[in-house]
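Provided herewith is a single structure, encoded as structure tokens, for subsequent inquiry.
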Amino acid sequence: MSSQDIPEEKHLPSEQGDAHHGGVAVADDPFADPGLPVHKPRIQDIDERAAKRSERTVAMLFTLSMLATIGFIVSYVTLPVDKIVFIFPIGKVSALNFALGLTLGTALFCIGAGAVHWARTLMSDVEVADDRHEIAAPAEVKAKVLQDFADGANESGIARRPLIRNTLIGAMAMVPLAGVMLLRDLGPLPEVKLRKTVWAKGKLLINDNTNEPLRPEDVLVGSLTFARPEGLEEEQHDFQTQIAKAALMIVRIKPEDIKDKQELEWSHEGIVAYSKICTHVGCPISLYEQQTHHVLCPCHQSTFDLSDGARVIFGPAGHALPQLRIGVNDEGFLEAHGDFEEPVGPAFWERG
Amino acid sequence: MKKLSARRRHPLAAVVVLLFALAVTGGLYAAFAPAGKAQADETAQSLAIEEGKKLYAVGCASCHGTGGQGSTDGPSLVGVGSAAVDFQVSTGRMPAQQPGAQVPRKPVIYSQAQIDQLAAYVASLGAGPIAPTEKQYDPAGADIANGGVLFRNNCAQCHNFTGEGGALTLGKYAPNLEDVSPKHIYEAMLTGPQNMPSFPDSTMPEKQKKDIIAYLQNVNGEKSTSPGGLKLGGLGPVSEGLFGWIFGLGALIAVAVWVAAHTAKAKKS
Amino acid sequence: MSTATNSSAAGAPGNTARKAPAGERVADWADGRLGIYSLAKSNMRKIFPDHWSFMLGEICLYSFIIIILTGVYLTLFFHPSMNEVVYHGSYVPMQGVQMSEAFASTLDISFDVRGGLLIRQIHHWAALIFVAAMLVHMMRVFFTGAFRKPREVNWVFGFLLLVLGMFTGFTGYSLPDDLLSGTGVRFMEGAILSVPVVGTYLSFFLFGGEFPGGDFVARFYSIHILLLPGIMMGLLVAHLILVFYHKHTQFAGPGKTNNNVVGMPLLPVYMAKAGGFFFLVFGVIAAIAALASINPIWALGPYRPDHVSTGAQPDWYMGFSEGLIRAMPGWEINLWGHTLVLGVFIPLVIFPLVLATIAVYPFIEAWVTKDNSEHHILDRPRNVPTRTAFGVAWLTWYVILLIAGGNDMFAQYFHLSINSITWFARIGFFVGPVIAFVITKRICLGLQRRDHDKVLHGRETGIIKRLPHGEFVEVHEPLPQGKLHTLTSHTQYAPIEVGPTVDENGVERKVKAGEKLRAKLSKGFYGENTHIPKPTAEEYKEIQSGHGHH
């Protein structure tokens, strides 16, 4: 008697029993499971010559793998590490990388291909059915386990002696605090570190390219220059941390094109100095379009208008780029009039 | 002059002609005054300016005005210098074909001699960066490593690590620098074409420009290598991810299909 | 058996009559101590069904092993230090440049260690493929309903592996301290800073002070090579044990029931196929590493917080989070001297939510359907339109975010405006999944209708027959019984009813809000327009008997 019932039904809760179609037993159900199809032989099963061919193919693949490994060793020993060869259509590549990779790839692939070919053509391909058993334990097993647990818990007396239980919970809850405490020295407290940069009154603007102090006449309309504070050298141990806040982007805009009054005041004859660090998440923002005065961040496309107080005109940044107030000192060099008046870079809770 | 005749059919042709006529009549003084200031001692130079002026009147004045004073269609050319003209015209960007977010690179329509004449004329309108000589931009002997540092500081933000180019706002873009000649790279840095900012000698001296050119030739030129294999555009994780999905996982799934497929039977059922 | 016999047996042919072969003796030894025979009894000939999609998990497993093998090799040469050094190695365009030791040692691995570049590239390619394969594997499990009881726990293990895999990838990608990955770490710092109240503290503790400081490479290193892979290894073992314990699911078909598993035995077929597949995967990845460059850090340069390149993207698996942050408008609220950085914090919160949406789905489905039975027969996606539509909607969401994450690349290569793509993503984030849901559901129903017709009227043969009275008909060939069974063996559930609101005594019965919601969702899952009723045996017989008159 073939069962046309869908197999799940046995486990279905009773209220679901009528929830499907085809549940009515019909003796000659056309949709009944006919059972596993009869196994049909492969060519290799009935033709020994074909089987022999498969055997040779597998052996050939394994042999090829051995040859490829030898090729790998030979390449390793003979090819200089810096040799460049032209391989069409890939281009000029490292000969060693190319040779080692392909020989290793071949050696591995052929082992796999041989094994799979062997399994597919020569090992038995008769499908076998294996029974499943329900995962959940039978009721008597469950009862036994629950009883055992109750016995064990009883013998421990944990329910009768709550003092032990409660203090144990307390101790277990507290001991991880020791581990948490140990994390304290992972780093210093933020304090006001994110609010301060090395810029200060009188610090000269050093051209990043030339390492020379900038003069106003160096900066032309339409040009883009990057500057850092005087005294910040690449060799310094905290250079990376300091430049991450102090990096400056300098452009010159015709004073009549500057729309923001404070920007003009803080500039020197249209030379404006803005933080190079995006106020979104801190990428160095410097994709300056000199005709529109827009500057775009390459990371998340925040766009700022440098001719209008660097306000955000597109993208995910939340506030304008901080401007550094600059002027010219007695010797005619550009200098800072102080530190940034607001924190540089990404916003944070305490920024306010 | 197929290009020119094609341009005559442009819908703006009438406007152009009108502007041209206006400019010729009204702008004569403006056109001649700065030319008079130009140092045209040598007859050859003044001859070139004369020739350039003729070329300019035909090919450029419609947008930039007869005297290079600019119009709504094109910026003023007074003071842009010969370097800008050489860059714009010998990369085919100028004359522009159609308005758009950005004027693209196109096949060049002028000969180098004509470009020089045009440059001489525009240079005569006002002092500006001068087209460099080979000695200025030849990268032989320059410091590649320093060029790399400079490139990453000044250029990579728009043009990518190795000058593959990148997107800017509203459809504008920084072009790929792969087959741009050293001279044009030099001129671009010097003059800041279109929306690119300039990097004048006062903030980026000639030697540093050479370093940058040398670096670019090393990483993105005919001689550059990609030791690891296919460069995948040099674009970083996006193209790597696509390649990994399509060729990596794709190949592995193809292999999996083979591994799991039933072996051919002796007789088709 | 005495040792004397053993030693004397070595070369004495006359003494072998009662002696077991060497392999058996080793096995005996092990069995006496480990009980391997009992273990092998149920497992050695364990049955695995054959289907290519069941091997996706194996791709994950093998690429993970490859990553571990190559990763160990890389640790032999990599220096996880941010001390600044001046490079004097063999790569000319970096000579004399100041960089961290981490970056310098990665250059050495690439240019001075023979085969180092290959191993680096295998490691990175395998990592990309690992996460991609996990996602595809997860989708296979999702769309076929393989996550249902008893496999929910294994679904969660798999999901955790995916999440941990992403973060292991991210920390590994950051280790060379190159300009691209450093930009990614900077982004991470900005994201942490956006957390209200504790953000700055978290950031200072993670980086050992201000960004970038001198600690994060060493810290990420121990996370990348020990902490995360260790957890993953544990989860992986648990995942595999459960696969063995539950026995593999199978697609419906003749002879395949919910109470059996049909396939080939582990020994020898799967030993050869699965074992061989490891070598195939390794071989393919090695070949890819020979042919295609990945993460050429020498072209990217060392990290400096004031340098950047356009096209700053994370590896693909983090792309959707990049998309979230790119599409988000820049909202920022300043109140009482504090800043709520919503423009960064909202994406940071949505990031886990995107993943959690797909992770909790199995539990929602189980709750809605009240289905408490074991399922070992896989669903065809079309037969569960609501689930399938939900999955496609989720994928659409994910892909839109991926596109947003690569908006600059799409802008550059398809000559589009970066701003338009961002707007597309902003709108698509909300609209895309809905459209995908509706369309997918309709397609599923269409496919069900086709199955329905195929069962009742047979397969279209493509043969056109002219009837005596001149009508042309296409000859339909009835399906074999096995096929009929396959196409009709799935369950079609009826939605749950809340039941009458008054009990038999006419007293008003309180229906919990949860019950109502469940009934409503259940209607959405299984109510009208969610399936084409399966053909019944009666319908089939009627039509078949009627065929003669046709």
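Assorted remarks:
Read from first to last, the chains carry the letters A, B and C; within each, the first residue is number 1.
By definition in this document, contacts are C-beta pairs under 8 Å (C-beta built on N, C-alpha and C of every residue); 3 or more make two chains touch, one makes a residue touch a chain.
Note that the structure is a prediction, hence the values are computed from the model and not measured.
The central chain of the assembly on a C-alpha centroid basis is A. If you compare A-C with A-B, the chain pair joined by more contacting C-beta pairs is A-C.
Here the spacing of subunit B and subunit C, counted between their Cα centres, is 45 Å. Annotation: 15 Å between the Cα-based centres of subunit A and subunit C. Centre to centre, using the average C-alpha position, subunit A and subunit B are separated by 35 Å. Within subunit C, the positions touching two or more other chains are listed as 111, 117, 121, 273, 276-277, 280-281, 284-285, 289-291, 293, 304, 306-312, 407-408, 418-419. Within subunit A, contacts with two or more other chains are made by residues 90, 93-94, 97-98, 101, 116, 120, 125, 208, 226, 284-287, 298, 301, 314.
Counting only residues that touch two or more partner chains, subunit B has 153, 157-158, 166, 168-169, 174, 226-231, 259, 261-262.
On the side of subunit C, the complex with subunit B involves touching residues 50-56, 58-59, 92-97, 110-111, 117, 121, 125, 128-129, 132-133, 136, 179-180, 273, 276-277, 280-281, 284-285, 288-296, 298-301, 304, 306-317, 319, 406-409, 411-412, 415-419.
Those residues of subunit B lying in contact with subunit C across their complex are 101, 143-149, 152-153, 156-162, 164-171, 173-174, 215, 218-219, 226-232, 234-245, 247-249, 251-253, 255-257, 259-262.
The residues of subunit A lying in touch with subunit C in their complex are 4, 6-8, 10-13, 15-16, 18-22, 26, 29-37, 76, 81-82, 90, 93-94, 96-102, 104-116, 118-120, 123-125, 127-132, 134-135, 183, 186-190, 193-194, 208, 226, 228, 234-235, 237, 239-241, 243-245, 247, 276-277, 280-287, 298-302, 312, 314-319, 345-352.
The touching residues of subunit B, when paired with subunit A in their complex, are 150, 153-154, 157-158, 166, 168-169, 172, 174, 192, 194-200, 202-205, 208, 224-231, 258-259, 261-267, 269.
Against subunit B, the residues of subunit A that register as touching in their complex are 40-47, 84, 90-94, 97-98, 101, 116, 120-121, 125, 207-210, 214, 217-220, 222-226, 251, 284-292, 294, 296, 298, 301, 303, 314.
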